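Multiple structures follow.
Look for subunit A in each of the two complexes below; its partner is subunit B in the first and subunit C in the second.
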Partner chain A sequence: MKVKKGTSARKKQPSTFRRFFSGIPALGWLLAAFIAVLLEYYIGDPLSEALGLPKIPVLFGVVVMLKKPFLIPGAFAYVFLIYAFPIAIIAKITAPITNWLTEKVFRLPLMVSAVLHLLFLYFILHLWSDVSDYRLLMLKLTMIGIILTLSLNVINGYMGEFSCSHPGFMALGAYTASTFTVLLFVKDRLFGPALLPPGLGQFLFPVALILGGLVAAVGALTVAIPSFRTRGDYLAIISLAFMFIVKSLIENLEVVGGPRGLSSQPDWADLPTVFVWTVLCVWTINNFVESTMGKALNAVRDEESAAEAMTVNTRQTKMIAFMFGAFWAGVAGGLFAHVLRYVNPGTFGIQKLAEVLAMVYFGGLNSVFGSIVGAVSFNLLSEALRPLEIFKWIIIPVLLILVMIYRPTGLIAFRRFNVREILRPKSGTKERV
Partner chain B sequence: MIFFFQNLVNALQWGSFYALIALGYSMVYSILMLFNFAHGDIFMVGAYVGFGVASGLVALVTAGFLGLPNWVILVLTIIISMFITSFVGILVERIGYRPLREAPRASAAITGLMIGIILETGNLALLGARRLSFPPLIMSETYNLGGVFVTNKKILVVVISIALMLALDQFVRKTKWGMAMRAMSYDYVVVPLMGVSINVIAPMTFAIGSGLAAAGGVLYGVAYPVLDPYMGILIGWKAFVAAILGGRGSIMGAALAGFLLGFIEIFVTTVFPSTLRDLIAFSIVLVILTFRPHGFFGRPYSARLRL
Partner chain C sequence: MPLLQVKKMTHFFSGLRAVHNYDLSIDPGEVRGLIGPNGAGKTTIFNLITGVLTPTEGEITLDGVSLVGLKPHQIASMGIGRTFQNMKLWRHMTVLEHVKMARYSKLSYGLTGAFFGTMKRIREEKENEEHAYHLLELMEAAQFADQNVLNLPYGAQRRVEMARALATDPKILFLDEPTVGMTPEELVDMMNVFRKIREEFGLAIFLIEHRMKVVMELCERIQTLVFGEVIAEGTPDEIQNNPQVIEAYLGKEEVA
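On to the complex of A and B.
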């Protein structure tokens, strides 16, 4: 009881830090981040040289700090001078202007302001990742992680099943999309010469991804149909068996390279493509879980019999949720294959399963926002701790256990992802949404 | 026919590892309604502890401090490593499962998985990535029983596993502790009100399960004397499949399903190319679970409204 009182009292009076930044709209933060990234783009090299750093710290200086402890002050100074200080100051100073702008844009349909914000965000990410190839690769993998986490959250969070089949869906998508592109557009030792002119390929890449998603969705029927009769642990086993079956099946298919894997995918998964697919995924999944169907999923999770009595068609709901989640996992797999340009069946094993589950449960169940936070923080963390080598795999599990003990449903669980609330102007009177 | 019996012997040996590990999953499940996903790695820890104990004993014998025949060393190794590893099980319960008893069940599954990763990585950090070879305690001898070749190691593995399973069965049925466990598996909300503490029974269950896994680990080390930190993952997940296949919470079911999975895998590898082993084994599991969703010995649980 005491704890509750304390938190409510704190909520009434936000800290000075929070109050200082409360009047800044999303656009203001984006503008500030944009300027910070521009700063890094133009003066990053001389500044890092002046601070004694070997090159621009790629991940906010964490990697540098862990690798060479004597560079810690330099890295801190760099992060402060390039990111923290300019972002805070610019966001605060431009707040009136950005608020005014946001208000203007906000009167137009929501889609317009969403697209504007996203374009802005894309420019920021593009500039940020232009500094090094490592950043670019990490950014792409993080975005794929977001798609994966969201799609698993539909099944594990919103529908409350414990599905372990996601690496299998991913493998199906990855192999289907890769086979499509390699067979049609690349001269390869496995499939022979290209069947279509490679120039056409860039336009048909979405088709490859969608095809991968559809194959994964059809594969999901293997898990969805047994789920009519059973749930909980038995479903976990069925999905686990599905994962092993897919992995083993691909290992035995010499047509797609067997255990050696499939390589020489064309380099079409560039940043804009991955970004657009990620945005599409967030948009569709958010709409899906906010729709009647999404509420039906929650009903099935909380009490199946009651949901059925309330005219929810539980079979249809389960099937749609599984196929929908699997579709996006397949798309993520296709993107993954084309980002790394090499896949082998061993990638889609228990290791991957543990990773995806960790992202979902770290971020939070039943929450689109939580999934994004989970995927981004897990990916950043596992990249940032890379210098620790194997101790990374002690620190991350310990963190996750602590999260599970103190917040059993994840960091940001059961929170709605309200686009209107995020994009609204934050000045003066609070608008009721 | 000889072909069949030859593979039967191999399958009995292979299945007894699955059965020993599956028992641990099933017992923990019957008490807490949760699966201990660190169990495969406890098997690995058991094998390594057994390696340590066996090497230590062998060193003592060769130095002349102890005069023990090799089979006594083996028995001692099994008993000591069962005892030591059971504390690992208690630790897993204390860290990963007790704080999460009221939490959603998937959260406990995640902590179990993470403890498993910590055990693997901890092992890797302590001992390095090199593979260790288990000290050869018994010389391999092959007997020819009417065309079927049986090694003494196989007999040893099967006999010890079955003896342990029978002992567990007697323990659960005949002793007071066993009765407490059975009561707890019947209803873990009401039974604590009758003076049986779940904080005693749950760690005990983890300890017994881990002890069995450790025995499995030592026997595995005797049969296949190469240890590596990731040896527990695949065998652990497969034993988990066996535990479910047997019917959750059913001890006899888990043991039988463990043997069944061993049979399926061995016979698949002898008839088909060995790369198809997982594919066919898991397809059979999928088919069985589709038609018998609650396993072989599990209670059907269905309070579903059918409209």
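On to the complex of A and C.
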């Protein structure tokens, strides 16, 4: 409740900063970001040279700053000249045009408008990640992080249970999908020659991912059946055990490489594939939690006996949500394996669990938007602070503790992810304020 | 034929006999009261009939169908709506979502609808919303529709709870102390709500209540429960003048 009061108080009195940018539609921000990315694409190299930077700062200059403190002014100037200043100015200047355009598009069905925005977003991300391979990898892992966070949020946030088995589901998905693709389409030490022509593989890659997700969902069923008889801490304990069982199972399965891991996955998880799967995940999960069937999760969490008395089949609801979350964790695992093109069971241990949980609780419970923010900010932060080495694992937990103290449910908790509200033209707001 | 019939229902909490040989028969449209001192087992009877607890012995039938052993959500969708003593509202949901939720079992769009937002889902959710608004208007709570339920005044929360129970399309409504902790004005509102429910839906009502004024005014017949046993059953007048009831509430009269 505290959180809620805070936001409503701020809404009444928007800061001048906020008011300055309030009339800009989503399209305006996308256009501005697009131009910033174009700028970087064309004048990034000469500009960074002029500012004394070795190359284009990959992650907004943070890494450079931490590695070589004397480059701080240069990195700041770069970020300001390429990103902050152009984005702010262009977004503001083009607001009338973008609002007009948005209004035109908004009259079409919401789906069309959403797809157009997403295409534009993809185009920007593609251009942005073209600058370096590191950025591309970062971007893919962040998107996988979004899928993971969102799917765990369904269980830990919307349903209010505490599940620890997400790395296990991920491992199931990763190994299933990898086995599928490596066995069928790759000539490999472990599985021998390819059984099907590799040219077919790219088209069957979604099948591999869905298969991975389904196996993870079946795994979830084995956790759910014993632990959903009662409420409380049982799920946390059983799911933690499940995670370790999966890990040691894979470690002892020589067929899939045992502790050495499984490699030579084909390079099919390119940016468009990961992007499409992320969008699918956000779309279906948002659909689910906005429906009365999904809202039943909140009812079960807040007052289970009342939910039962209002005809909600609570056990079935919990099972579905748990398996649905596990499905997406499995898909994320499959993508993860094909992005890195190598998996070993050690990856899916307690550290992965801590990471996923941190992303969920950092971003905000019971909120699709919060999960996206949590996954993106946590991934960026953890990459940006990499040069600090061991200190990274002091700073990130301290940040988490601070969030827990000042925002106990996360940065953006209990907020609806309303696509219509995000995509609508914002020209009207000015007159209303 | 009676709508709801309970025969020889007995329930033990391990060694403690909470309800003993309880009989009940409610006709369609009847308003029945259940009174008794604290701890007499009134809420236990509600929980037994609605499936939260399973009776140790006895029969419960609704429209001739046995309810013993069914899950609470099944019994609820068969036509027993209920409210709770402490309301049990969902603290992160809006008023409208509360009422929509109660039609969970009436939705048929299934998982494909939930995940992919099919046309069927859009249509059903829209119908559901209209129905919910209708009930909220009836309960004079439509103006709160988009607010979080915790921000409402107490009386309005009670009316939302009533709308939620009505949204399950009940044949009989179980009300567990619906006027507890109400101010006199809120009480008057609530009495109007009861009358409205009866006129609009023609429901049978089974009411646990401590305020004698409410019970005596609303109920056609009243049962008095003491230590899990019915000691008296009859019209309000009969109950008011029954020496056993007076004894249970006030203690024995010393005869000089």
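Note that the second predicted complex is superposed on the first by the 416 of 433 C-alpha atoms of A that agree within 3 Å, B and C clash if a C-alpha of one lies under 4 Å from a C-alpha of the other, contacts with A are read in each partner's own complex, and residues count from 1 in each chain.
Here is the rule we use: contacts are C-beta pairs under 8 Å (C-beta built on N, C-alpha and C of every residue); 3 or more make two chains touch, one makes a residue touch a chain.
Source: prediction; values computed, not measured.
Colleague: Contacts for A:Glu308 in the overlay, against subunit B (first) and subunit C (second): which applies, first, second, both or neither?
Modeller: A:Glu308 sits against subunit B and subunit C alike.
Colleague: Should A:Ser264 be classified as contacting the first partner (subunit B), the second (subunit C), both, or neither?
Modeller: In the superposition, A:Ser264 touches no partner, neither subunit B nor subunit C.
Colleague: Counting only touches as set out at the top, which of subunit B and subunit C does A:Ala354 meet: first, second, both, neither?
Modeller: In the superposition, A:Ala354 touches subunit B alone.
Colleague: Pick one for A:Phe244: touches subunit B only (first), subunit C only (second), both, or neither.
Modeller: A:Phe244 sits against subunit B, while subunit C stays out of touch.
Colleague: Let me test your reading of the model: by the given contact rule, A:Thr222 touches which partner, first (subunit B), second (subunit C), both or neither?
Modeller: In the superposed model, A:Thr222 contacts subunit B only, not subunit C.
Colleague: Taking the superposition on A as described, I'd like to know which of subunit B and subunit C A:Gly294 touches: first, second, both or neither.
Modeller: In the superposed model, A:Gly294 contacts subunit C only, not subunit B.
Colleague: Which touches a greater number of subunit A residues, subunit B or subunit C?
Modeller: Comparing touch counts on subunit A for subunit B and subunit C gives B.
Colleague: Should A:Phe391 be classified as contacting the first partner (subunit B), the second (subunit C), both, or neither?
Modeller: After superposing on A, A:Phe391 lies in contact with subunit B but is clear of subunit C.
Colleague: Please identify the positions on subunit A that touch both subunit B and subunit C, taking each partner from its own complex.
Modeller: Dual-contact residues (subunit A): 305, 308-309.
Colleague: Can you list the subunit B residues touching subunit A in their complex?
Modeller: Counting only subunit B, the residues touching subunit A are 29, 35, 95-96, 99-100, 103-111, 113-115, 117-118, 120-122, 124-125, 233-234, 237, 240-241, 244-245, 248, 273, 275-279, 282-283, 285-286, 289-290, 293-295, 303-305, 307.
Colleague: Per the contact definition, I'd like the list of subunit A residues that touch subunit C in the complex.
Modeller: Within the complex, subunit A touches subunit C at residues 1, 4, 284, 287-288, 291-296, 298-299, 301-303, 305-314, 320, 324, 366, 414.
Colleague: For the complex, give me every residue of subunit C touching subunit A.
Modeller: 50, 52, 71-73, 76-77, 81-82, 84, 88-93, 97, 100-107, 109, 111, 113-117, 121, 125, 128, 148, 150, 164-165, 167-168
Colleague: Touching residues of subunit A toward subunit B in the complex: what are they?
Modeller: Listed in rising order, the residues of subunit A that touch subunit B are 156, 162, 222, 225-226, 229-230, 232-234, 236-238, 240-242, 244-245, 247-249, 251-252, 259, 304-305, 308-309, 350, 354, 357-358, 361, 365, 390-391, 393-394, 397-398, 400-401, 404-405, 408-409.
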